[in-house]
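Two complexes come next, and they have one chain in common, chain A, joined by chain B in the first and chain C in the second.
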Partner chain A sequence: MQTTLESQKKRLAKLQPLIALFVLCLIIGLLSDKFFTVSNFWNVLRQISVNICLSVGMTLVVLMAGIDLSVGSVLALCGAITAGLFKMGIEVPSQNLYVGFTLLGASVAGVLTGALLGFFNGFVITRFKVPSFVATLAMLTVARGLTMLWTKGFPISGLGEQFAYMGTGWFLGVPVPVWISATVVGLAVFLSDKTKLGRYIYAIGGNENASLLSGININKVKVIVYTIAGALAAVGGLMVTSRLDSAQPNAGTGYELDSIAAVVIGGTSLSGGKGSIWGTVLGAIIIGVLNNGLVLLNVSPFWQQVVKGFVILLAVIIDKVNSKNG
Partner chain B sequence: MPPLEKKNNKMLPWLKYGIGGAVVLLLAYNSVYFRKLDEVKAEASGKFDAASFAKNFLEKQLSPKLETAPDIDELTTMLSTDKNKAFDTYSHATAIGNIRYFLVKGQGKIVKINENDLTIQTPKQQLTLAMEFIYGNALRDASGEFDITKFTKTADINNVSSELNKLIRASVVFPFRPKAKEGDMVQFAGAVALNKEHLNLAEIEVIPASLK
Partner chain C sequence: MLVAENITKKFSGVTALDNVCLELHEGKVNAILGENGAGKSTLMKILSGVYQEYEGQLLWNGRPVRFLGTKEAQDAGIAIIHQELNLIPYLSITENIFLGQELETIWGALNKKKMRQTTTELLKKLKLDVDPDTQVNELKVGQQQLVEIAKALLLNPQVIIMDEPTSAITDQEVETLFDIINELKQENKTIAYISHKLDELFRIADRYIVLRDGKSIESGEMAGINQDQLIQKMVGREIFVHQKPALSVSQDQLLSVQHFSLKRSAKRPELVLDNLSFTLKRGEILGIFGLMGAGRTELFEALFGLHPALTSGKVSIERQEVKITSPVEAVKAGLALVPEDRKRDGIVPIMEVKQNISLASLGYHVEKNGVLNNNAEAQLADKYIQELGIKTSSSGQLIKNLSGGNQQKAILGKWLATHPKILLLDEPTRGIDVHAKSEIYRLILQLAASGLGILMVSSELPEIFAVSDRVLVLSEGKLTLETPIENATEDKLLKAAISKK
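Up next, the complex of A and B:
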């Protein structure tokens, strides 16, 4: 009897984000007649696509009991590099040479930049034993500075329709960003649930020392995960740049907090080892729906921040209570 | 059988690297292209010149319309009594949405010089004149003279706004700002952005196009 009750409690705890989303939708739907419309549905999904990309990477990092505060700045830098290469290419005046980049080339360069920055994060964290909070906080500043240097503080605009398709286009009746984020989620779920690397990530987050003793190359796994997080931030950067038809030097400011919020609301424990990509997707949807609902209800943007903060706090408290109850 | 398995295992990495290398080469081939720099620069010089367009637009299309723009006090009176008529008669926009732009003119006393704007007291109301942040599409769209259908690139459309705002900042706002003193009378003409759905007449900000 006791066991049944406990297992029911555990099942209920797993369903908490889903219940929260359901209740949220119900409340907003009752208060605004525009919420349950098809256009708003796609609007919400389109808006959360960037956060989903960031949050998926963040989930993998948090599952290892780490944190990546640099994703917002990495997003901005990678978006700016992609836009800059696509629009202006590289000039080599001494050789009278112009190296132009196709959309594919510029996008690959952007994603590789993100991966490189993520790799650097992982390298610093593992090689010099710098806490992930500090290492990625430093990268946050470095990447923002590099973005300012690359853009000279001005937006890179006028990227054209081909570029805009990635952020504003539709494919088979679904917005392209939704396809991109769905692909990212699919790959991440496969990685976390079906691969050795996924199991290592959970193991490291659960007990790093035990993982080390069982022969897992912890440093290698950490570097890979931070590299993935950087690459996913870059994918988010491509989407933001494409959607705005402009690479803004201050793009992505505060996005790291939204992605951490999605991870936490989705039930991933900040102490690592527990959580899932699906939970994070739900967390991102909850934040997206919350943002959308507050806008539809004409709530001031300042209050929106307050509400969002309290929702995150509530999620963490619930997580703590659940952990305490076993 | 066992030796064969061994052989297969040894071949696998080569196959992996081979496929990987082919993908990288294919990716690189479709990623970059090379051209002569002088050719590219020559082509770029023939592109749409947003700065010239904006200058021409200001002189020949926007400025003449400023003279016939409604008085700001009359416009706000009309907006508060018959919002739909005021929007139908005087507002323009190139984009779909609730934000519409009005050309306005008026005069009033400078009652306060703020960091980013001036507070002006007209005979009927208090409003602000933007002095720092001259941005957005108000100046481009408010006259209704800007024909968006002549453009094929969104970037060109946006660049017109950007250049027009820069021009106003340099030629209208900068020369005026240092001379402005509290208590001075100012004659202004410019553009105002208003939200039709959530109309707020208490906080009107005029983006100036002419200041005397």
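Up next, the complex of A and C:
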């Protein structure tokens, strides 16, 4: 009986974020009659879809006890590259060469750029044993600089209706960004729970030495995961650019912190090995609902930041208390 | 002196100590014995104030006490030296010894002169001839252990608890430690000494206290008991230690290592392994003996592809030359490594037993096109749980909740699932209790009989004698002796281990 009681306790602990979200929704719903409406429901989901893309990649990285600070900048660069290629193509006047891009072509180029930058992160981290914090901090600066160079510091705007569909369109009654982020979540859940790669990610985070000595190619796993994180940041970039109908050179500033917040609130341990994609999705939803609720209640944006900070702390403290008792 | 009366301690419902009584005799070395999980460490943590919640009471010099923290125990005169080193690597010896007890001048600045002076005296007492300003990470493990002892002595304690003090130090350092313990006894200090190594206890201890399954079984004078009787009290039954394997070694050469060398590092070209050549046959157990620093662990690391840039020589498996430049390739070539430090290199603690067992073989049995098959994984795990007799509530239990012996079996299972040809066992029974030890030996013999070749590093001679067919002795990276077990004696092996060829 002892064990069933304990496993029930554990299950309850896992449900805590869900209960927290439920209570949060209830409180906001009581205070504002605009909260429980269909349009607000989709509104919240659409707003968090970018953070979900970033946070899913971040979760995989954090599960390996790494961190990726570059996602916000990579998002900006990839959004700008896609927008730029779609709008202007590549022109090489000296060669009298012009290559135009369809929306698909430009998007693929953007995502590939993200993957490439992520690959570079992974390469530096594994080949030169640079701590992920430092390697991705460098990439944060590099990618932001490249964005400024590519855009010359000005927004790339006027991308047209076709482009806007990704960020603002609807498909089968559901916003397109929600479809995209849901697909990303589905793939990531499959990857982390059902595949060998997913298992290796948890194992590396749980004990890197033991994983290495078990014959796991940990460098390969790491490079793949950082590449995925980069590609997902690029997908986020496409959505942001599409929603604003403009690639802003300073887009995505600080997004890495929001995604780390979602990961942490979702119960993934920063020391690796423990956590889940579902937890992160919940974390992102909690942040989204909180933001939304505070706006509906006319709370100043400055207070929103304060509240968000304390929520992060609270989540981690609850997690600590749980793991102590467990 | 220090007396514990009817101590009971539970961890979330599980009873770790059940009505334990214990009395430490003043001015004596009191050996605390018991298998892993018998409750030794828990009891010591209660005595030293680490755990404050328990039933029963402690009597300190006749008066009931309850320490509300290690500081209170320290102030009362009880010091503990933990099994793991608790020093800060980038601080000096002095700074470590005085950590939390810093002396200050009347101006509030650190009184470095006084602290250094005291440290010098302590080091002198411990016969540790190093500068007190040396950074701790520049010291050898054995020296660090002595610094821990110095730290404990700083407060001039009445009672010193030593938890497995010899688990990481060389035989010579053990001698120094014993000298120190004898001196402490002269000063009428009381020692509580926890160790698995019975031969050590017979040399140093005056009294024994046996714990089993959280209960106090018996205590008495060391002089009135012998090793077999003591083991019997610890496990509660007779155990049979295999002295020599009765199995036929085939003539089939499995592994051949020729002129194998390893450099310290790219910058330090001195040889950690110096031109080693040996072979291993199918079904053979080759024991590798040597003192700390002889290069035993390094040999395994190098064979397993961890230092490809520093290794030279020729390795052949089944008469095919192989170039192993990473653990990935080592596993492909049919090698399996059970590492010395189980917690650091062996288990993934927060994963389930079955996930640990399947970890090295996911690509072979449990997966198709990268997608895991949970049923196949559970079956694989159940198979090895049964075959190896791993005691766990289920294959879904977290491996960190298993005892050391069962964790070790799970790691063996992980490797057997890869169908290896050669097992590299590095101190396979370190930190494992007597009963589990003999089970591990039985498994090792079984595996050899099934056709595996086994290299086993051990620093315990009884272990070498228990299972080896042949013994290699390493000293400072060189092969100083190779002998069939029939011709080996403890004396010979020890001489070879300290010889400088």
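Everything that follows uses one rule, which is that the second predicted complex is superposed on the first by the 320 of 326 C-alpha atoms of A that agree within 3 Å, B and C clash if a C-alpha of one lies under 4 Å from a C-alpha of the other, contacts with A are read in each partner's own complex, and residues count from 1 in each chain.
As a convention for this text, contacts are C-beta pairs under 8 Å (C-beta built on N, C-alpha and C of every residue); 3 or more make two chains touch, one makes a residue touch a chain.
These numbers were taken from a predicted model, which means no experiment stands behind them.
Asker: Superpose on chain A as described above, then tell me if chain B and chain C fit or clash.
Answerer: The answer is fit.
Asker: Between chain B (first) and chain C (second), which, if any, makes contact with A:T102: first, second, both or neither?
Answerer: So A:T102 only meets chain B here.
Asker: Tell me which partner A:V92 touches in the superposition: chain B (first), chain C (second), both or neither.
Answerer: First partner only.
Asker: Can A:A203 be said to touch chain B (first), chain C (second), both, or neither?
Answerer: It touches chain C, and chain B stays clear.
Asker: By the touch definition at the top of the document, which applies to A:A164: first (chain B), second (chain C), both, or neither?
Answerer: The answer is first: A:A164 touches chain B but not chain C.
Asker: With both complexes placed on chain A, how many Å separate the closest C-alpha atoms of chain B and chain C?
Answerer: Least C-alpha distance: 12 Å.
Asker: If we count contacts the way the header does, which residues on chain B are in touch with chain A in the complex?
Answerer: For this pair, the touching residues of chain B are 27, 30-40, 153-156, 158-159, 162, 198.
Asker: Sort out for me which residues of chain A touch chain C in the complex.
Answerer: 2-3, 6, 194-200, 202-203, 206-207, 209-217, 273-274, 325
Asker: For chain A, which residues count as touching chain B in their complex?
Answerer: Interface residues on the chain A side: 89, 91-93, 95-102, 104-106, 108-109, 157-161, 164, 245, 298.
Asker: Hey, which residues of chain C end up touching chain A in the complex?
Answerer: Interface residues on the chain C side: 12-13, 304, 326-328, 330-332, 337, 339, 344-351, 355, 359-360, 362-363, 367, 370-372, 393, 414, 418.
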